[in-house]
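Presented below are the structures under discussion, each in the form of structure tokens.
Two complexes, one shared chain (subunit A), two partners (subunit B, subunit C).
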Partner chain A sequence: MKNLKKNFAEISRYPSAVFGLFIIFLLVALAIFAVVKIPYSEAVRLWRGGEDVWYMNPKNVPPAWFNTFRKTRLPESFAIKGGEEGFTKTVTPSSPDTSAIDFEYAFDFNYDVYPQELMLYFTSTYQSKNPFVSIYLITPDGEELRITDFGISARQTYRFSQDEKLIRRLVREKRDEKPMIGLFSVPETEPPVPQKGTYKLVINGQTFEAGSDINVEFVFHGQSYGLAGTDHARRDLMVALLWGAPIALSFGLLAALATSILSMAIAAIGAWFGGWLDELIQRITEINLVLPFLAVLIMVGTFYTTSIWTILGVTILLSIFTGAVKSYRAVFLQVKESTYIEAAKAYGASNFRIVFFYLIPRMIPLLIPTLVSAVPAYVFLEASLALLGLGDPVLPTWGKVINDAQSNGALYKGFYYWILEPAVLLMVTGLGFAMLGFALDRIFNPRLRGI
Partner chain B sequence: MTQDTQAGVLGVPKKKTTSAFARVARFMGIRAITLFFTVVIGVYTTILIANMGGYVDTIMRNDIRERVNQRVAASTANQNISAETRRQMADELIALEENRLGLNTPFAIRSFRYLTDSLQLDLGRAQNMVSDNGSRTVRNIILERLPATLLLMGTSQLFLFFFSVFIALTLSRSYGSFWDKLVITLSPTSAAPPWFYGIFFILIFAAVFRILPFGGMVDAPVPDNTFDYILNVLKHLILPAGSLIISSLFLSIYNWRTFFLIYSSEDYVDMAKAKGLPSRDIERRYILRPTLPTIITNFALLVIGLWTGAIITETVFLWPGLGRTLYRAIGFFDTPVIVGSTIIYAYLLAVTVFILDFVYVLVDPRVKVGGGK
Partner chain C sequence: MADTTLLQLDNLKLHFKTGRGTVQAVDGVNFTLNSNEAIVVVGESGCGKSSLAKAILRLLPRNVQEYSGKVYLHGKELMGLSEEEFRQQIRWIKMAMVPQAAMNALNPVLKVGEQVAEPMMVHFGVKKEEALAQAQKMFQHVGVPADFINRYAFELSGGMRQRVALAMSLVTTPDLIILDEPTSALDVLTQANIFNLLKRIKQQMATSFILITHDIATSSELADRAAVMYAGQIVEVSDAKTFFSQPHHPYSAKLMASVPKLRGNAIPEFITGQPPSLINPPTGCRFAARCPKRFARCVEEPPMVQLDGNLVKCWLYV
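After this line comes the complex of A and B, so read on.
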């Protein structure tokens, strides 16, 4: 025990070990934060919820902090409901049955890139006569652009870019045929330049029944979103980046712990009892060498289930009987002959006691570096399987984000942030454990001392 | 690359016998039999996994039913036939297809047929896969992809092996130097697998600078003269081979360097140094000689490892190799192709291990055949 303490004191002499420990500490903190901030069910809902959850997010845009490093500023996304701060809603009854409901919202647009899309989500209540709305956009130079007018149903969505009539009108007014460019440009510039300043969205509604009401939500899809950006399904990548941490850590740590402890226990049992048991363990190890490891995992993933816990189980099962059993066995065979074991035998200690209390503890210094160094391999294994499309069906993981990005041609289309964010996190995780593992190996392995 | 590989990958039961010849013959016999049974059990396990205990049969049956029903429904020639006859027709086609895939024989029998056929290297015909030139035999499917895999894995692994052994020897001579420390510092980078570096390489060289292709093995249209063709393939080879190399380069150098350092701290090396022998001689006779079994083992395992290809790296770079074929075979539930790939690897491994036992005797006078450790 004292020896162990001394060894840990020695860790502080290795800057890489300290750095590795620091990274691991940060990751654990991130993982705990993720689980506390976004509970499991909430994470699954945010990641798999569907259009209801993601409608406010733009598609495939980089994080908002990109603007700090860019010359051309990317518009940020926002969503606001009528009646909320700044989005005024005024109801003026004109007769017992009819009333005018007007919405007005002024927003600053000081960006160099056009927004992705503007949307209005109307909800209204009425008996038989549906309300009617007219929509206008007032540009910073004071021009009033008529967008559209139509009768609305109980739930109605209006997307600016998909309105054919608006497109035709913009072309007629010699503006660009793409509504976002047509609406947000300085007039008569070629090539079009975004017009900066304060825009005003005006919605004039009219109801034709007593008790009829209109409500609206204005969703502005910019070209940047949040801290991590979004993917092709408008999902906030932050959810996956945060939740990837606890999943990667638990997968890596559980797999490394289980395989190294089980291999060691099996090697100890084989070395202690010898005979047919030892022989059997040796043969199983050899058969395991013949089995194609990755192919077996892919088969389980393809034919059976891609649940991360099943994959973890199979991974552990396949990684127990490997070369590690052989090298542990060789050391145990030496330890078995030492005098303290003989003494234990002499006073009649049980086999169980000798194996688990005398043999295995002796190997812990050897176990720790192997365990820590094995973690990155399993973290990356999970990512590798996800890259082949065998990621967990429910949970968001780093590997699955990379897989989504790969299969949607992120590199080809220039969405580098999409791949880089999870990749950097994976790399940092791998490096943290690998650096600590290397240092531990040099501390605990007497043969490497001084080399 | 650990020490234990030196003692041979597979353990040997030891027995005392009188004559040297009898001992060698007995050893060879036992060894061959154990290895054969290892291969048999390993391959049979793979067959069982490839079928998931009958589960895959159900998937395939449903798959056939859906395909046939769709085909019968879609065919315009069947438009005026009554529903009854059409159903009969579909049932007949389903029975035919199930018969072709052997689904009407129980899996227990089928699995042993797969096993005995594959042990005789009779790889048979693929169930759903077709090679690019239209052949259905597993042999052709595998042979067609073998050159691509050998090119990619061969260049990267051979370069990796010789380069890292060479650099490691140089570093072990001057340990503690700047380069030595640099390698130690960089060795944790090998925690990331090749495909990971592959993605970064694609990002830098293909997406940003646009100087190398995103993936594939040759441009379309294929260059018509041989010289251009070779140049084109080489251009496509740089990124995948580069990522395979870089992902294990530093760890590999580090491991070899540590390994050589352990051997060069032996007493007899100090003795040789004290005698004033030139360092070249010390390296050749006192360091390389005792480490030769490990070097050979690693090299042999590397060569047979070429066979398996790199499933994920090939997927990322769309390289038409064996790893990718195996992955596609799993997607098609194509047991013959999966088993074919496994049995060849198993045989290569068994034969290599068998031969290595004799090579150890040749290169290391301390080892005797059948003498155990």
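After this line comes the complex of A and C, so read on.
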């Protein structure tokens, strides 16, 4: 224990190790934050959710902080319900049965790019006569644009850019035929220029029954969203980036720990008992060495299951009997002949005691750096499998994000943030563990130790 | 000195298989050891001394071809015990060993105290704290400061390590301790210290010793009897006084003559030739080829001759 403490004190002598540890610490903090903030079931629900969960988000937009680095500002997305602050709802009864319900919402639009979509989600209560709404948009120059008017059912969605009548009206008014451009441009400019200022959304509703009510939610799909942007299914990439951390770390750490410890224990047992057991372990290793690792994993993923934990198990199983068994065995064969092992045998130490208290502790200095450096390899493996379409279908991981991006032509369409975000996280993870691993190797490996 | 027989070896054989043939490292060894007796086993390098120790404690390497004969401890036959019974009942409880190069006999990754305590924990199921307390006592007994139990082997000097190895063998108070060259690689003062320590232990704890050594002069301090090994066989077992003053076997005589004397002008002698290969030992007396006193009968296998209670394997005394 004291020795370990000494070794860890020595780490501070290597700036790269300190930096590596810092990165790993950040990643662990991120992972813990992710798990606490978004519980597992919630993460799965969000990631598998469709329009019903993500209707508030625009499709394929970069993070909002992109604006800091851009000349042309991208509109940010928002969603607001009628009755919430700023979105006034006024009910004026005009007769015992009828009443007018008016909504007004003023919002600033100081961007250089048009929004992706405007949507209104109506919900209403009525017995037989459905309420009626008229929708207007008042532009900063004071012009009142009539959008549409229709009778609403209990649940009704109105999408601005899919309204044929609105498109015809915009063309008639010599505005652009695309509603987003038509509504948010300075009139009669060619090419169209976005009109900046405060817009006002006005909804005049009319109910025809006592107790009938209208509610509305205004969703503004801008061209940027949140901290990480969104993907083709409107999902907030932040969910996957956050949850990718605990998954990548646990996959990498579990695989690295299990394979290093198991292959060391197996090598020790083989070297100690020798005979047919050793032969068997060596032959299994040799057979396993010629098995195509990735191909076997792909087969398991294709024919059996793509559950990440099964893949983890198969990975560990295939990685135990590798070159590590051979190199550990070589050292064990040497240690085995030491006098202190003979002394232990002489005083009647059991085979178990000799293997686990005498042989294996000698290997710990070799094990620790290998283990740490093996972690990113398994993190990358998980990402590669996900990229090959063998990722866990349920869990959001970094690899899955890259896979989605790739299959949706992200780079071709210019959604580079979609690939860069998970890729940077993967690289940072690899960097952190590699930096620590190299330093640990210097500390624990006497041949590399400086004088 | 009690005259009860502690250990009796009857035609003990240990042969190894090698690429070039069978090495007859221990080839039919007979001798008895009494309680509270120290016997010193001497002989040239490669004559099977260490193999004899391993054969007694059944610490066999993998390439054993033949392991036969009888070993009696307190009259009880040991060869019939299974490996597991032998491990649990005999090793370190009845017989302990300080291995050759005992300085390296300590696990570099365990504290020495833990290692001394370990046989207690393994064999008597003693709790760690008790075993450590016992180890501390044993440290004082062998002259190592008690607070050294928390040190690692590399923090100790050679002599200290030797003492720790000794403490390790003593901690379970076995009846017999086999010391395989306990003082090689130590300076003379430390050697003397260790032998004095062994003497004291022998008196206080009534332990028997089998002392394997090249150092005939120093071993005379401790030995009650001496056994001479040559080419895998015991050629002489005599009481110490006889052996150190006038050994019977020509080989013993030559061996003694090779020890430098402090007084007198005698130049240490050497034995011409080399010990025979243990793969194909010569028939008849194995020493015959190098023996200054050989004669016609030496081509036949000599018998063990009783000579005033001593044993000599030589035709000269028939």
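What we mean here is this: the second predicted complex is superposed on the first by the 444 of 451 C-alpha atoms of A that agree within 3 Å, B and C clash if a C-alpha of one lies under 4 Å from a C-alpha of the other, contacts with A are read in each partner's own complex, and residues count from 1 in each chain.
Here is the rule we use: a residue touches a chain if its C-beta (ideal position, glycine included) is under 8 Å from a C-beta of that chain, and two chains touch if they have at least 3 such contacts.
No experiment lies behind these values; they were computed from the predicted model shown.
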Open item on the list: Looking at A:Tyr347 after the superposition, I want to know if it touches subunit B, subunit C, both of them or none. Which is it: first, second, both, neither?
Closed with: second
- [ ] Classify the contacts of A:Tyr412 with the two partner chains as first (subunit B alone), second (subunit C alone), both, or neither.
- [x] first
Open item on the list: Looking at A:Gly274, would you say it contacts subunit B, subunit C, both, or neither? Reply first, second, both or neither.
Closed with: second
- [ ] Kindly classify A:Phe380 by the partners it touches after superposition: subunit B alone (first), subunit C alone (second), both, or neither?
- [x] first
TODO: Figure out whether A:Thr339 sits in contact with subunit B (first) or subunit C (second), or with both, or with neither.
DONE: second
Task: Partner subunit A, residues of subunit B touching it in the complex - done: 2-5, 7, 9-11, 13, 34, 37-39, 41-43, 45-46, 49-50, 52, 55-56, 59, 175, 184-185, 187-193, 195-196, 199-200, 202-203, 206-207, 214, 258, 261-262, 265, 308, 311-312, 315-316, 326-327, 330-331, 333, 338, 341-342, 345-346, 349-350
TODO: Mind listing the subunit A positions that touch subunit B in their complex?
DONE: 16, 20, 279, 282-283, 286-292, 294-296, 298-300, 302-304, 323, 326-327, 330, 376-377, 380, 383-384, 387-388, 402, 406, 411-412, 414, 416, 419-420, 423, 426-427, 430-431, 433-435, 437-438, 447-448, 451
TODO: Note which residues of subunit A are touching subunit C in the complex, please.
DONE: 274-275, 338-340, 342-350, 353, 357-358, 361-362, 364
Open item on the list: Quick check on the complex: what are the subunit C residues that touch subunit A?
Closed with: 57, 59, 62, 87-88, 90-93, 96-102, 104-110, 118-119, 122-123, 165, 168-169, 172
